[in-house]
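What follows are several structures.
Paired with chain B in one complex and with chain C in the other, chain A is shared by the two complexes that follow.
Take a look at the complex of A and B:
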């Protein structure tokens, strides 16, 4: 048992950036095709990060580096907790801690764009935090455990009991992955009125580390999507991967077709969606039980 | 070997003696400082001793004053004390023309007095009690409370240095803090309901006097608001006592009898509801939150005391005492809903505040809402979370108040906007503040761990609405703490270090509290086993399995270690030491200090970064009154429906 956990964690630490990087490359290619462009090669993100890591790093202050390191370490830790089979609630608590580190990195530089990005990022966290916690509770009510280890041994896929949660989670994933229309804090696209927002004052090696952390994060999010479909039956993993592909494609599609909304608009919509989809789901689940 | 009976008696009486000693020393002399600090440590030692002995024993002990003479002296003192309190209220109400307070005060106290004089009071079996819950409260009041008193010594001399318009009555202020502690110990130890009521009123009147310390019109107004709300709670409490005396055939006269009553009939339930109503006023739940918000006009030590170690904790203490009666009842459901609602609403309101003390006040209300909700479920997990939350909240909140108070003394402002770049201006206080804030909301610090247990408790008791309140409230809690944390962490170039004028006596208090937060992170499995489990065992008369166990604890330990290792490690490995430094990006030419930029006319313009407060969405103007309205309706409904069950 302990050995298998260690193997899974090591596999995650090694493979997650590869998967995350490829997904980002894929995202770029799909986006380009949607816009009628050729697009970069799928491994372009790896070239980018390699270049970033080897560039001269320019920092605004010395504690910025500290927060970024903490962000990366805690993001990796969060993912390890999930793929190692840990407690779902703990995974989400640890996730929000790593996010706070990134926000603090942005706050510490005292720049107008970074500060604005940091506030927006916090608002985004406030939007998706309820959904994350509800998700863990939903799994607990439906499958009887908070532990990922127990959840993957389920007899039937969780999505049957948690369709509302699934929709809600896919929705907040747009925020989590910083895709339009909810890419308020920072964006990969060059259509920002606030430069690079959250990451404006991060450069060189530090920026590379942030990108790396985002890859880990993307992999974790896909893992959670997969959780809705995984059962004790190995075939279910195929469905899980398929579901990830569909959700990822849809998010890319939304990203390319929807302009950014205003912050409070996002807040209103998200809480409403979470309350209606996930809240109702939980309510019904409790009544059935 | 000193017995716990002696030490607990000492703890009830001695603070009053100290208060007397302090009030006689008008001048800020070395002797007064020594009196406060020395006796503070003495109280602390006695409280810790009593608590540890009681916890090791793990049993509920009922006892009464040693001799008949002592007993009747105590009874008479309480009688005289009640009349005295009523007189204080009457005189001050007449002086400030707030006559309604006299009415409310009399309504609570007079029936009890009348019964006593007419000899209608039933014979009491028990008077005092020590059990694990009392021990936990002893630790909260006895460790955090005296620390606040010591802090007050240094703080008040600075305070009067900066506020020359306020008459210096520091001796009265310090004495009141000790009276408060005495009242607190009395309340925790009392089992007899009339005695509890007496100490209950002491704390009400004390907090009223503390809030009105500066005697400015605002302070007077706010103190009377606190007074009438708490006296109203007192009315509820005395009504609860009367209901038990007259309408119930068992003639219950003590808390322990109430706890052992088994399944409560409608009459007992009515009095439980009335006690719960009183508890809601004390712990400033909606609709009674406004008194606590107004309490911040007073000097900071009083806020720290009201918010962390005493006043508001009395309310939740009472609810935890009653929690076995709440399980599966209408009152229990209403209390959980009110608590959950308060948690959610107060955390939204906190977003819109920029006054540091006000954010802390809303956060207190919000966290107490959570504790109330936990106690209201009446389940073992709920009570586990409630006790844990209470412990962590007491330490973190008193530290935060003290830090904000010190920052105000150093910078002349406690506005969060002015704390911009605190990490450069006042590094020591900033670090303490960061640890305090992290303690309030971040994994794996105590508050969050307890919140996690609360969440599990709510899910297990199938209270879906409560789960929803909790998850949405958690989102906004994260928002208002993190933006404050960010403000402190901002590094401004070429900023000067302000002179840190923190007094030694303030550090005596703040350093141990900071240490406690860190230690409690690691020690929480131990705390769960040695402090909370005995509480559950005596409250529910059964052994309760560990709420958070096994692998989770190990993982959290790893997280705590990482939090402290990452900064140390990066300093040790000198990560980023060779990086080139630059100025932050301002879409123009940075004038060199991150606070000015060169505009298109070549002029240097200043730049100011403000946090978001979103007044239009979460402001008091928009949310406060509706929240008070909704919860007031809920409270009235609760009391009326339970009454309907009796008559």
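Take a look at the complex of A and C:
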């Protein structure tokens, strides 16, 4: 048991950047095709991070480096907890911790755009955190355990009991993956009113580390999407991968078809979707039990 | 893998008629699609590798251009897009125009044209990324040899021994500046150099 956990964690730590990087590259290619362009090669994100790691790093405040390292470490730790079969609640708490580290890194430089980005990131966290907690509770009510190890050994996929949770989580994933219309704090596109916000004053090697952490994060999020479909039956993993692909494509589509919304607008929409979808789901689940 | 695989661009309009800006943006658009080469328009000097300057430099934009250049991490390349950015163009004789971009920062690639054609711009960016690799190589060698310093006063990176020698030779050739004229050391330095 312990050996299999260690193997899974090591596999995650080694493979997650590759999967995350390829997913980002895929996202850029699909976006380009949607806009009628050829787009960059699929391995472009790896070129970008290689370049960033080789550039001069301008450090505004030396504590920034510590926070960015902490952001990366906490993100990897979160993913390791999840893929190692740990506690769902702990996964989400440690995920918040990693986000807080990035926010602190942005606040520590004391620049106007970084501060704006950090404030907006906190707002975004307020939007998706309730969904994360509801999801952990939902998994517990549906399958009777917080442990990922027990959840993947279920007899029927969680999505049957938690369809509303699935919609709610896919919705807040737009925020988590920093996609338009909810890419308020930092964006991948240069046509927004504030482009880089959170990462304005992060450059060179530090920026490379932030990108790396985002790849780990993307892989983790896809893993959680997969959790809805995984059962003890090995065929279910195929469905999980299929679901990840569909959700990822839909998020890219939304990214390309929707302009950025205002912060309060985002707040309203997300909480409404989360309360209606996930809240109702949880309520009904409790009544049935 | 080379740095030139992912050139991120910062575009700044010195004081152009907007013709070159439109051409720069047209280059980013689907028809020419420079993202094929990994080019991203960053809008943030701290992430940029290549500074695209359009339009001549006047007294209001000179400090901005200087600051943008300083905020970019090394290695970096400056491309002057259009004839105005190269030497001032038709605005050269205006009372407020100090000339091309090379009046305030060191320009590496000049792409002439009025307005600059996207094809020429892509060629310019291609040369710029080749230079980016070369600069990185020089920096690496300089770091191994123990001298790679940035002189923010002169906006230049010293990577070889010749750079230092040239610096000290120029310094010795400079005539002493009278006390009353020494108001702003930054400006005084530019006038002499």
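Heads up, the rule we're going with is that the second predicted complex is superposed on the first by the 288 of 289 C-alpha atoms of A that agree within 3 Å, B and C clash if a C-alpha of one lies under 4 Å from a C-alpha of the other, contacts with A are read in each partner's own complex, and residues count from 1 in each chain.
Criterion: a contact is a pair of C-beta atoms (placed from the backbone, for glycine too) under 8 Å apart; a residue touches a chain by one contact, two chains touch by 3 or more.
Predicted model, so just to flag it, every value in this text is computed and none were measured.
On the superposed chain A, the positions of chain B and chain C stay apart, so the two partners fit side by side.
With both structures placed on the common chain, the touch criterion links A:202 to chain C but leaves chain B unconnected. Contacts of A:74 after superposition on the shared chain: chain B is touched, whereas chain C is not.
Applying the stated contact rule after C-alpha superposition, one finds that A:103 touches chain B and leaves chain C untouched.
Judged by the touch definition given at the top, the superposed model places A:48 against chain C, while chain B stays out of reach. In the superposed three-chain model, the partner touching more residues of chain A is B, compared with the other of chain B and chain C. Taking the C-alpha centre of chain A as the apex, the lines running to the C-alpha centres of chain B and chain C meet at 110 degrees, rounded to a multiple of 10. When the two complexes are overlaid on their common chain A, residue A:288 makes contact with neither chain B nor chain C.
Within the superposed three-chain model, A:56 lies in touch with chain B and with chain C [touch as defined at top]. By the touch criterion stated above, A:39 is placed in contact with chain C alone, chain B being left untouched. Smallest inter-chain Cα distance, chain B versus chain C, after superposition on the shared chain: 6 Å. According to the touch criterion, the shared surface of chain A, contacted by chain B in one complex and chain C in the other, consists of residues 56-58, 195, 200-201, 204.
In the complex of the two chains, the chain A residues touching chain B come out as 56-67, 69-70, 73-74, 77, 81, 86-87, 89-90, 93-94, 96-97, 100, 103-104, 106-115, 118-119, 122-123, 125-127, 129-130, 133-134, 137, 140-141, 146, 195, 200-201, 204, 206, 264, 267, 271, 275, 279, 282-283, 286, 289. By the touch criterion stated above, chain B contacts chain A in their complex at residues 421, 423, 442-444, 448, 452, 455-456, 459, 462, 464, 467-468, 470-472, 474-476, 478-479, 482-483, 485-487, 489-493, 551-552, 555-556, 558-559, 562, 566-567, 570, 575-577, 579-587, 594-595, 607, 609, 611-612, 614, 617.
Chain contact summary for the complex, chain C toward chain A: residues 1, 3, 5-6, 8, 30, 33, 35-38, 40-44, 46-47, 49, 71, 73-75, 136. Put simply, chain A touches chain C in their complex at residues 28, 32, 35-41, 44, 46-48, 50-51, 54-58, 190, 195-196, 199-204, 207.
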